[in-house]
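A, B, C and D are the chain letters, set down in written order, and residue numbers restart from 1 in every chain.
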Amino acid sequence: MRAVSDFLYQRGATIYAAAQHRDPLIDQFFMRIEFEEVEIELPHLDRLHQDFAEVGSQFQMDWQFFDLQVPTKMLLAVSKHGHCLNDLLHRWDSGALPVEIVGVVSNHDAMRSLTEWYGLPYYHLPVTPASKQQQQQILDIIAEKKVDLFALARYMQILSARMCSELVGRAINIHHSFLPGFKGADPYRQAYNRGVKIIGATAHYVTAELDDGPIIEQAVEKIDHNIDIDALVQIGRDAECAAFARAVKWHCEHRIIINGNKTIVFK
Amino acid sequence: MRAVSDFLYQRGATIYAAAQHRDPLIDQFFMRIEFEEVEIELPHLDRLHQDFAEVGSQFQMDWQFFDLQVPTKMLLAVSKHGHCLNDLLHRWDSGALPVEIVGVVSNHDAMRSLTEWYGLPYYHLPVTPASKQQQQQILDIIAEKKVDLFALARYMQILSARMCSELVGRAINIHHSFLPGFKGADPYRQAYNRGVKIIGATAHYVTAELDDGPIIEQAVEKIDHNIDIDALVQIGRDAECAAFARAVKWHCEHRIIINGNKTIVFK
Amino acid sequence: MRAVSDFLYQRGATIYAAAQHRDPLIDQFFMRIEFEEVEIELPHLDRLHQDFAEVGSQFQMDWQFFDLQVPTKMLLAVSKHGHCLNDLLHRWDSGALPVEIVGVVSNHDAMRSLTEWYGLPYYHLPVTPASKQQQQQILDIIAEKKVDLFALARYMQILSARMCSELVGRAINIHHSFLPGFKGADPYRQAYNRGVKIIGATAHYVTAELDDGPIIEQAVEKIDHNIDIDALVQIGRDAECAAFARAVKWHCEHRIIINGNKTIVFK
Amino acid sequence: MRAVSDFLYQRGATIYAAAQHRDPLIDQFFMRIEFEEVEIELPHLDRLHQDFAEVGSQFQMDWQFFDLQVPTKMLLAVSKHGHCLNDLLHRWDSGALPVEIVGVVSNHDAMRSLTEWYGLPYYHLPVTPASKQQQQQILDIIAEKKVDLFALARYMQILSARMCSELVGRAINIHHSFLPGFKGADPYRQAYNRGVKIIGATAHYVTAELDDGPIIEQAVEKIDHNIDIDALVQIGRDAECAAFARAVKWHCEHRIIINGNKTIVFK
């Protein structure tokens, strides 16, 4: 911490926010600092990386600099249920998300009109028996558009292990249950059949193991015996939208550090 | 519903609250009515049972009458952690629970002083290799004291299948996780290791299958990376107290109907 | 209750849900029953009204029948902030709201494109010094389209006393604070300046007294010192959408009975 | 920040947790660091104060050091309702609060037995027409016992302006409403009469202006039309216990900085 604050001090940076966390299990220190440098010549980030390299390596840090003026490039994925997509697009459109959305991919054509109303490109990539190709097409878009975040807004296809590994730390999924309860298919029906009194949704980084990546955010809603399966699905969608929007926002504000199978979120 | 309201009307009963629920899966109707009869001779319940029998059998109802003036007889069980016990005893003492507590059983002696301060008998029944006997001792107390509700306020012993079956619908447990996530032992450590962002507690009727009985109530608390395992346990206890107290209260107010593996709670 | 269940029984109606409530302060009984009549000739409602009139007047009931197959006709109002509008339109479009939206009125043109994308008419009625006329135009639309519910989705104009009285029980507003805290203008700034730790939103029926009508639903979100005024506004909007959507849904499902300055919501 | 981390670095301190916040309205920086010094001679705090004085004055800081090994000395106050007192005493007894409780003062004798069961002194100081004297007696205890925190656990007496000013930043009250709604007397009845759908409680530092001090924490509970005034009071008490316990804990862990009429809580 001292080396970092020394570094910033010597450059005349103004610190706007800072937060630290120490994980006692692994005796490691995590840190996030928001600062402004007014006098440095452009381009900021290259210079910063160059200058900090020595400090960073001296203290064996993993470190990154982000320019908060540069919005995160996000590619969205959706299948047939558009509530999370609609929610994110509206937040972005009303200035609430620091992102540049490069487009929406889908295995269905259902969300084309909504997407195009927002002036965004829609990539309809149907899943055929040869679905490997489809995932490659998505990876191509990600590469070509220099996508920072692949956000799965109820995209109901399982990503291949290869795709998961290419996108480690860069893909966020919303699972429609309060993980680790009700992994896998049709979690709302599982929840209804179990008779739980609270349902939830979980936003997590995608990993090769299904519904098991580092959790970023969870949201819950109370239900009772009056709530039938259809109503339960409707209520659950509110939890999905809430958890997903917060997770995406925090990621794009560079507030999240992945720590093994957990996340540190400096809100 | 009409048969019941006719029955009550003819007796001149005043209805104070009523609620119905139809489970579409099994096409069955559930109903709870709170009413007052002012002119009937004592003893109420016997007469009501007698008089209603015909109506009930005609419509193939499962039915029960309870006198809300008569508090539910509750036996508490606890091991070493006294937070739920302390919470319930204080609620009872301040008039917030319509129960008569007949005593506290424990496999430890730790909560004797607290229990006796409240003027209640404490049964220290250590668990020995011959634990079958210990469970029989509990069943004996339940029989002798005519206990309506056996409330397990963090009682960390697994009840035998026989005990579970004797107490079906009459024993409420508080499990310190948001079921069905983290069944079994040390759920807080499981939650900590999984990196969840919300923890919870579940009050449920005891069944032979561990942590799998009909859920009555669940409570949750948000956590984040700053919360270490000790802090997590502390926070979780608040969820335990909340869910357990509500479940016990609703049971004692005769608001709960068990419907297979679910509960209907007419709040 | 008995008269009503007798009435329904004699018609061979099947009851799907029923709930009652007695307000002890005024010793009055409130009741909602969902039922199905299969054999009756059309038109249902006229016959029901006719047939029930005698029962209703005998017991001095206030009563209404609604056909759940007939969606509630809703007119929306919005100013410049589209989050509640966008949220409701998506819910309606995805089949989650039992309404027929007859259009959107606004004192600005900002939400025209969104509205028209959903295939709905947009009425841009600017507020001029002669605003009485504007409100009359809205009332004309309400009359012409036979609007059942006028839903103010962040419509930032105060309705005249006359308009309020014409729309009593038919207009729902979303106020962006946790009433009765922070009535009036700019409640988020009020909340920020006061340093509260939870913010909220309140959906209520419109009455002539500003922000003082019967409350239908409230929603809250936790905040802390890190949340600046812009972030607070963003977070607050989630509470607004949640409370407003639930209130509108319950109204359209005929679950709400206004009881003086309060509401009874049979969820 | 750099001066502080330099200072700690030079002493070989290990930082366990750190958090910063900048208030943009007043352009001021707030900071909390938890650290451990292993080699320094005792007494720690005096040396630290002495050594840091120069750094602190150079940068015009307001600063304080606390030894987390030394529990906060707390005096509790209560009137007739013991739920918050009972809750805090149990937390303290089970090791969940880093405090040394020096006793309980009350204008009633009702909580003597509970207090004494915990082995704590009980000061029954009735409020007479000459109540100035009573408040002086409390201040005398506070002075004599070197009390760090005066925690008003539903103490239903208004403190004099002089007492408030003597205890600025050292007295926490729990108000049984969601401030700023329902200030003053009988907030639950106010809430019931207004027909709100959520009730709450507010823990705040005491200031001369009633129920208007810096808010530390708020808690809420959902209610509905079924909840009569007695049930509402019971439910509200859970919110009181929750908000109060968290506020007291954070204060005793030195996580709170008062910033004008607001608080910064470094959780």
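Following the convention adopted for this analysis, a contact is a pair of C-beta atoms (placed from the backbone, for glycine too) under 8 Å apart; a residue touches a chain by one contact, two chains touch by 3 or more.
Bear in mind the structure is a predicted one, so any value in this text is a computation, not a measurement.
**Q** Tell me which chain's centre, taken as the mean of its C-alpha atoms, is farthest from chain B.
**A** Centre of mass proxy via C-alpha means gives A as farthest from chain B.
**Q** Could you compare the number of C-beta pairs in contact for A-C with that for C-D and name the larger?
**A** By number of C-beta pairs in contact, C-D is the larger.
**Q** Which integer distance in Å separates the CA centroid of chain A from that of chain C?
**A** Centres of chain A and chain C (C-alpha means) sit 35 Å apart.
**Q** So what's the Cα centroid distance for chain C and chain D, whole Å?
**A** Inter-chain centre distance comes to 41 Å.
**Q** Give me the residue numbers in chain C that touch at least two other chains, ranges are fine.
**A** 17, 21, 224, 226, 267
**Q** Across the complex, what residues on chain D touch chain A?
**A** Checking each residue of chain D against chain A gives 1-2, 5-6, 8-9, 15-22, 29, 222.
**Q** Inside the complex, what are the residues of chain C that reach chain D?
**A** Its residues touching chain D are 21, 23-24, 178-182, 193-198, 200, 214-218, 220, 224-226, 228, 259, 261-265, 267.
**Q** Please give the residue numbers of chain C that touch chain A in the complex, ascending.
**A** For this pair, the touching residues of chain C are 17, 81-83, 86-87, 90-91, 94, 96, 113-114, 117, 224, 226, 234, 237-238, 242, 245, 267.
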